[in-house]
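Across the two complexes that follow, chain A remains constant while its partner is chain B and subsequently chain C.
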Partner chain A sequence: MRTYLSFFRMRFLMNLQYKVAAWAGMATQFVWGGMYILLFSAIYSFSSAPKPMGLDQLTTYIWLQQAFLALIMLWYRDGGLFDLIISGNVAYELVRPVRLYPMWYTRLLSHRLAGVLLRFAPILLVSMLLPYPYGLSAPESLSSFLLFIATLLNGTLLTVAYSMIISISMFRTLSAVGSLTLFGLVSEFLAGMVIPLPLMPLGLQKILMVLPFWLTGDFPFRIYTGHIPVSDALYGVAMQFAWTIVLVSIGIIWLRRIQRKIIIQGG
Partner chain B sequence: MIDVKNLSKHFKVYKRKNGAFGAVRSLVKPEYEYIHALDDVSFSIGKGEIVGYIGPNGAGKSTTVKVLSGILVPDGGEVIVNELVPWKDRKSHVANIGVVFGQRSQLWWDVPVHDSYELLRDIYRIPADRYAANVSVLTELLDLEKLLPVPVRQLSLGQRMRCEIAASLLHDPGILFLDEPTIGLDAVSKLAVRKFIRQINKERNVTVILTTHDTGDIEALADRILLIGKGKILYDGRFNELKKKFHASRTLKVHFTGEAREIPSVTGILKLNVHENEAEVVFDPENISASALITYISGILQITDLEIETVEAEEIVAGLYREFEI
Partner chain C sequence: MKLYLNYVRILLRSHMQYRASFFMVLIGQLIYPITLFAGVYLLVSRFGEIGGWSIPELTFSFGALLISYSIAEAFARGFDLFSNMVRTGEFDRVLVRPRGTILQVLGSRFELNRIGKLVTSLCMYIWAVFNLGIVWSLDKIVVAFFMVVAGIFVFSGVFILAAVWSFWTISGNELLNILTDGTREMARFPLDVYKSKIILIFIFIIPVASANFLPLMYITGKAVENQFLYALSPMLGIVFILPCLLLWQVGVRHYKSTGS
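Moving on, here comes the complex of A and B:
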């Protein structure tokens, strides 16, 4: 446990080293969130058809998305881990008396947690001060707020399991740009990060709700806004656990197979 | 302590003809060949030895180190280190070894050195008092005082290498693998690193396996060398004996004034060349010592200056490579 806490500490220190990046990231998220909200409110004002989600729910959804981006972004990656694999410095990881999968899992988790800890509070604070319906609203109820936190963290475990598979695939491809861009674009859409899931056609929604992507962000955010009542959340929570187990297992087995065949090139 | 029997490992290397055409062709019909990085390698190393592992580029030195440190799984053969098989019992094996890959870094690039050390402390579960004691000893020996609070990216290569070596010894390993530890270092840093390696070998009885291209390292450190070429062990023995074997003879150059007289040959003199005011005497130090030879010649010629050509370690190694055609 101490080992893993130490990784977290290290990661946090490293993120603090880049203060400008943290500020710039935050600014980007404000602009991005604001842009999305303007876009959706324009669409909402032009159409009189009944909406699957109220504008206040939608803006809350978007601000939460921006505040917790580091936890839910599927393309968010630990460049250090990629470099390790591509450069062959992974040799050093293999001479540590720690199992590789848990070590890297902790590393990726720490990266995300450290990223979010530096940013989420200011975004939430400022968005709370914005006038209705453009700001962040209060959660539906205390129970939905607590369930939101639980499912968000649970979803993070799932996101990290997914990122692990992407990182392990680096052993095979040794190139980050191509595969990541593709994975990122597709999974982002499937996760409802481009268009929130409730605004998609019903048929597509049904398919997406079987896949793991929506469980990381869309699901907890909709619990917060009350779009998914606490009483209906069991399906999603069960799916979160199931998918985490599946993705972690795939990652462990794949990494173990690769470890047997590993070649460290270049001296 | 380390037992290696019939170790072998091969790699598949893809070949591609140059240019666009070659690239397309290799897509359709990839060509590759097998490189036997290690081919039936056997040796054993005892506790507290310093072994220099030498060989030309691509001979299999690093591959051996990677197998011994549990990173690579070999194709065949047996390796037992401290009663463990490195790649099977990786976790318990690596807890007792320290590794430095001269071309890579184990320190975190963006944070100060001591933060990396603290992470290693927690990874290896080093007790607080051991950690403190080791850091202070290593800091003193390697002169790290000023380097510890500096982010790694701001260190020079030599400074970083000293920090890397200290990092690999924080957990009191019994065996230290050094893969080209002095690569790219200036003379002062090289000497510091060599002195340090000798010291920890002596004081802590750490077994050291060192691969290097720097013959100075070998001469300064290794009691014993292993020569590897084309994946096979070609020589296993003391470096001094090798020296004798390859350069049994030495050359004495004498400058003199006055008449150039003939020097009558005695036992030990292999070759004589007397010019106008310079004589070259090739002799076998086993049969006649340099001082005896000088006394003998000074009885014949009026010597003004003399020099004995010493054998460079570099030449011995080059001679070895030539002899074994590697």
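Moving on, here comes the complex of A and C:
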């Protein structure tokens, strides 16, 4: 355990170095957030249909999504792992006297946590200053705020387990772009990142809420805005744990099977 | 022109060396417009018409936009990845060859897999053409054609602008995605739905509106006054390429090699 902790600390500090990329990312996310809010407020002002969530809830949801993007993005690429596999340098990883899955897991986790730590505070701060209903509102209650943090972090464990499976699939396809675009596009839609889950038709929502994707971002954000009351959150929390266990198990088993067959091409 | 076709032929051959990867990307590109449009469709089905545009009208403008975007991307991708060329010093080699820089940068990349995106968006477009519920007179067909052409020019221009930027900053810049992807994302809907001053930027600075709601208003007969201005609006997008090319020349003159 201590090995992995110190490995985590090392990677985490290293990833904190990428400050310029973080500034650029933040600017992008501001524009993106603003764009979505423009769009949704336009739709809301036109439509007389009943609104599944208030405009202030929706904008809060979008700002949270932008601020914590590094935690919830399902296609987030940790370039390092892909390069390791493609270049064959993965051989060095294999000879280390540590287990591969936990080491890579901590690597991906530290990458995401460092990424979010560099970005989230300025985005939240500025979006709080925007006038109502375009800015970030306060959380529904103290308990929903605490539960939001807990479920967001819990969801991150799930996201990383998912990215692990994508990374492991690289052993098979050896093409980062191919598997990334395929997985990324579909899962992003299923996670409510193209349009938020509550705005989708009810039948589709029911299906998506059985799948793991909404648990990473949509679920914690809706707890924050009070769209999911704290008392109703048990289902989601249980699903988060269940799916994390399932995805981690799949990853471990798959990686073990691949490790047995792996051939390093000289070099 | 012959030289450019030669470039394209060589690039196609090199792509085909990685066949599996090529098809994975191709499928990804096929799916991309579908997930994007599914978002549009679900919003409309839940909230009714968006800004007074019906589903066929939204599909028409979305399809036209992605057709021009994928064509521009297939050809002008070299500009999109141009910062690599500057950073690695590859551009030095371009400069010493006795051919134009624009031709060579255009010829440095050709992404056939963008055909995936093109196919799906073309399907949407054709479906919309027959479901718009309008009479396709000759003038409307011409405007619709130039709507797509304007889109190709606007996006190529945006790619060139992004490339010009890297003459000064050297490294590729995530910020530039705001320009290229942001323009595309905004124009997913007819821009007038935003009811905001922001659309003025997209009429007069990056005139993507000229491939978007302006000609669309003419085609659907929503433009009441000054109809001919709406019909001529795609010209604005085509002219946009001129200042972009001019800036490119300024950038080339400013270029200092990184020396590596």
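Just so we're on the same page, the second predicted complex is superposed on the first by the 257 of 267 C-alpha atoms of A that agree within 3 Å, B and C clash if a C-alpha of one lies under 4 Å from a C-alpha of the other, contacts with A are read in each partner's own complex, and residues count from 1 in each chain.
The rule we apply is simple: contacts are C-beta pairs under 8 Å (C-beta built on N, C-alpha and C of every residue); 3 or more make two chains touch, one makes a residue touch a chain.
Computed from a prediction, not measured in an experiment: that's the story for all the values here.
Engineer: Output check: A:Asn89 vs chain B and chain C. Expected answer is one of first, second, both, neither. What do you get?
Structural biologist: first
Engineer: Between chain B and chain C, whom does A:Ser249 touch in the aligned arrangement: first, second, both, or neither?
Structural biologist: A:Ser249: touches no partner chain.
Engineer: In the superposed arrangement, which partner chain does A:Arg260 touch: chain B (first), chain C (second), both, or neither?
Structural biologist: first
Engineer: Identify the partner contact of A:Phe7: answer first if only chain B is touched, second if only chain C is, both if each is, neither if none is.
Structural biologist: Touch partner of A:Phe7: chain B, not chain C.
Engineer: Determine, under the contact definition given at the top, whether A:Ser141 touches first (chain B), second (chain C), both, or neither.
Structural biologist: Once the two structures are laid over each other on A, A:Ser141 reaches no partner at all.
Engineer: With both complexes superposed on chain A, which partner does A:Phe189 reach: first (chain B), second (chain C), both or neither?
Structural biologist: Only chain C; A:Phe189 stays clear of chain B.
Engineer: Check the residue A:Val98 against both partner chains and state whether it touches chain B (first), chain C (second), both, or neither.
Structural biologist: first
Engineer: Show me the residue ranges of chain A that touch chain B in the complex, using the header's touch definition.
Structural biologist: Interface residues on chain A, with respect to chain B: 2-3, 5-7, 9-10, 13-14, 17-18, 80, 87-89, 91-92, 94-99, 260-264, 266-267.
Engineer: Enumerate the contact residues on chain B facing chain A in the complex.
Structural biologist: 11, 62, 66, 69-73, 90-92, 94-95, 97, 99, 101, 103-106, 108-111, 115-116, 118-119, 121-125, 151, 179-180
Engineer: Could you please specify the touching residues of chain A with respect to chain C in the complex?
Structural biologist: Chain A residues touching chain C: 21, 24-25, 27-28, 31-32, 35, 38-39, 42-49, 52, 173-175, 177-179, 181-182, 185-186, 188-189, 194-195, 199-201, 204.
Engineer: Touching residues of chain C toward chain A in the complex: what are they?
Structural biologist: Against chain A, the touching part of chain C is residues 18, 20-21, 23-25, 27-29, 31-32, 35-36, 38-39, 42-43, 45-52, 173-175, 177-178, 182, 185-186, 189, 193-196, 198.
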